[in-house]
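Input: structures, listed below.
One chain, chain A, appears in both complexes that follow, with chain B as partner in the first and chain C in the second.
Take a look at the complex of A and B:
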């Protein structure tokens, strides 16, 4: 009997520290990777500015959230930021369209090589990170309000009678639910609407799309609209969950690209799968298993160390190593593909 | 020189001219076939007539109207359809989606046109939910032609529609082309299988180094000993 309880305790422990945070972080990476993959599939370059685009979106959302909070508006148990998010999306979309109109379009007309676009996107990365620090400053910002938890650790213990608590933060629940809605909308758009299909057609075969009367300018604009919206949502959710720190978004570029590439860059399903693979790998490899082992073995077997494969400081290395392995073993990723 | 005609076309890909003054044309309900050795500029001439290549000299006319400066999309709206030589289907999309994309510029109900394509190529109806990239070469070519028919064009340009298919499938495709021409559509077709193509051609053009070497009816070209010797293998 105690054996079952111990297993349940171990599961609750793993859920609390790996599964639940992994689902939330995985959703954030998936949304980020979707943005990168959309740009890659349609505009055919790696957009290194995507992390800063997410930061920009989060910033607009935070500014609007503060303004709403100042007016005494709130969203009950949910974070006020969700009310501000539509404005964040619009702002980010406008920014993307502006950068496309004044920077990327110039290179498109020159038929620039993908590597040129990549360097241009690095330039935009610097511009954006400067703008963000100028507008909101470099320091950490907390903007989550409403109920902090959906499920409190103590409530879980009382409910189940287990020693081990399991907590689900509101930000985690909001992240997963929002990601599911956004992904469902995106897939519906790409597979069911005329415009979405025309984007897939353009991504598949640009010349034939042209011959079919599909307008490249329109496809490009819609791609930026979707990318901007995805970035604003991903950036805001990440900020809600982890607190908004402008510098962290640069560090997100690596896991996001790893997610997109592991899944198969250009493939939306791959971006989602890749996001969860990277997130769960990071957490599983940096988790200290000592207490899990304690639950699952007789008392005196408990090791002295933390039984942690990697210190959390090395979590970026996880994305990097997975990325290298995938590029060596299966460069096309889990869902091979360069098209939407 | 016809419902669709390219007159004295000069042009290329930025370097030397590939097209050296060739003229090509076709009338409604007719099949015109362009043959010639590899690298003669047949595909280039087709691209030029569809506006995918700017002409340095010469003109393209459709129904008596000069369209040399029109971009491809505008030519589509004017009733021209084009099946390029390579990459002529959306491989990651289903057969039905390929046809839908063919009809992209149409805002009316195109379901009857799709049914017409399906009755012309019944195998496509069976495979409508399969990705075009998973089909055989011959089926792919049918998707490609079907896609171009979705705008209900008055001129259909085909660049080597029988490339890489078996002789049986080739005959089958030619039968379909004849069927399409009978509906009054003008068909301009580049073909590697010169003999078989000229047999169904009302007009034939033999292109060499961007110039017209021989121009005549299909039957006359087939009967011409010089043409037979040089281009039809005797």
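Take a look at the complex of A and C:
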């Protein structure tokens, strides 16, 4: 009997520290990587400004959230930020369209090399990071409200009678549910609607799509609308879960690119898979297995060390190492995609 | 000739700006800006070698500069004998184990018989086992070293050699890192290099922040030995006191100016040497070949040029120059602070310098380094003055006004972005364009 409880305890421990945070973080990365991959598939460049775009979306959402909170509006147990999110999406989409009209469009007409776009995106990265810091300041911002937990560790213990608690934060639940809805909508759009199909055609073969009467301006505009929306959602969810700080979003660019490349740049399915691969391996490799092993081995034996493969500080290195392995072994990524 | 006149005028205008700062603010401020302009110019030359000569996008300038900083610590700081006694040899053995593990993994990948998949797993297995062994060897040593007077040292210290030597060592260290990353990412699509270098630079910074036994991590290394005299000593000497009396200058201020001038002299020599070498390389057959590869890879490789190998070469060279500049920066600061390395300041700002100066032109890179660094520093007072002027109509304690003034410093980020985009759009060849042959 104790053997079964021990295994369940070990599972609860792993779920609490690896599975649940991994699913939430993976969803955030997946949404971010989807944005990068959409830009890559249609506009054919790596958008270095995507992290700052996420930050911009989160900033607008936070400002609206504060305004709503000031008016006494709330969303019951759910965070008020969800009510503010649509405005954040609209703001980010408008910003993306504006930048495209006044900056990217010129280079598209010039048929500029991808690396020129990359440098342009660095310029936009500067502008956005300046604007965000100017408007909201460089400090930490907490804007999560409502219930903090869906499932509290103590409630879980009482329910199951296990020693190990399993807690699910509201932000984690909201993240996963929102990500599922967004991804479902995106795939429905890409695979079922006429516009979505025309986008896939454009991404697959630009000239052929033009010949078939697909308007490139429309495809590009829709790409930016989707990218802006994805960025605003990803940025807000990340901020809700981990606290908003402008500085961290630049650092997110690396795991996001790693997710997109691991899955296969330009492939939406790959971006999602990549996000979860990166998030879960970060947590699995930096988790201290000491207590799990203690539960799984018979008797009272406990390992001496923490049994941790990598120090927690090296989380970022995990995404990099996975990126390097993929570049070495299969540069096209798991789903070897190039098209939508 | 008119081109030359234009260049002279541009540099003269830059000099006039620095002199103006010297007059309006103070000579000390102007010289402080000048010294960092010189270092920025060298970093920009390094990036220009990669981008201007060969069209490689390096998004990891920060990491290579930080390796230069590490070199400054390791070369110049006196060794900590106690730390060496408790864990030095063991830590070195651990490092050696790590290097061997990587080498063995590479050998397994390259030389082992069997399928690709089998070799891949074998290499991964060797690498993981190697890391485990390395941790077993190195962990106790690290713990022991970090326990030696943690408030003052807690690290191995360095070799106690003159700090100027570290400029060469920093270059070599950065070259080594560049070689490893270039081996992986060159030859793939061009943005993969950008992303891989972005990654390696972040990891180098994490490594420097966390490995306290090496360079104290976030606790910083203070008081690196200087290549130039100290202000305090200068203030004691007769000729300085004499000069101060004759110029009617404050002795303290004069000593600080002399120190900054000494640094500027060293940096000018370094800049001149690197500039001369870069120009020689650019004009040589090698330089022509690099530009041929940049302009048409397919044609160049059809002519029998090994494109990937040449890219690796130029990438390593450019990174070495960046590493050298990084070591110079830490020399000037006299303090090594891993947390101060931010990608916006150390990677993307250098890129603005290259593009604004004129990619492919070494003189342009130097000018770009000067102009952008000048405005990066001066944008703050200018922006503040501007905002104070614009909001002067509002009430003194208006919340909006206070917010704007408090965050005025961040306008410089946006300014840099706007400058970069404007140059790219309206003058994509930069202030001093590449010379057509």
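Assume the second predicted complex is superposed on the first by the 336 of 340 C-alpha atoms of A that agree within 3 Å, B and C clash if a C-alpha of one lies under 4 Å from a C-alpha of the other, contacts with A are read in each partner's own complex, and residues count from 1 in each chain.
The criterion applied here is as follows: a contact is a pair of C-beta atoms (placed from the backbone, for glycine too) under 8 Å apart; a residue touches a chain by one contact, two chains touch by 3 or more.
The shown structure was predicted, so the numbers you read here are calculated from the model rather than taken from an experiment.
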{"item": "Room on chain A for both chain B and chain C (clash or fit)", "value": "fit"}
{"item": "First (chain B), second (chain C), both or neither touched by A:178", "value": "neither"}
{"item": "Touching partner for A:324 - first (chain B), second (chain C), both, neither", "value": "second"}
{"item": "Partner chain(s) touched by A:254 [first = chain B, second = chain C, both, neither]", "value": "second"}
{"item": "Greater chain A contact set [chain C / chain B]", "value": "C"}
{"item": "Which of chain B and chain C A:37 touches, first, second, both or neither", "value": "neither"}
{"item": "Superposition-derived minimum Cα distance between chain C and chain B (Å)", "value": "17"}
{"item": "Chain A residues contacted in one complex by chain B, in the other by chain C", "value": "none"}
{"item": "In the complex, chain B residues that touch chain A", "value": "50, 52, 72-73, 76-77, 82, 84, 87-93, 97, 100-102, 104-105, 147, 151"}
{"item": "Residues of chain A touching chain B in the complex", "value": "194, 197-198, 200-201, 204-205, 207-215, 337, 339-340"}
{"item": "Complex contacts: residues of chain A adjacent to chain C", "value": "45-46, 48, 103, 106, 114-116, 118-120, 122-131, 133-135, 137-138, 250-251, 253-254, 257-258, 261, 311, 313-314, 316-317, 319-320, 323-324, 327-329, 331"}
{"item": "Partner chain A, residues of chain C touching it in the complex", "value": "55, 57, 59, 120, 184-185, 188-192, 194-196, 198-200, 202-203, 206, 209-210, 343-344, 348, 351-352, 355, 403, 406-407, 410-418, 420-421, 424-425"}
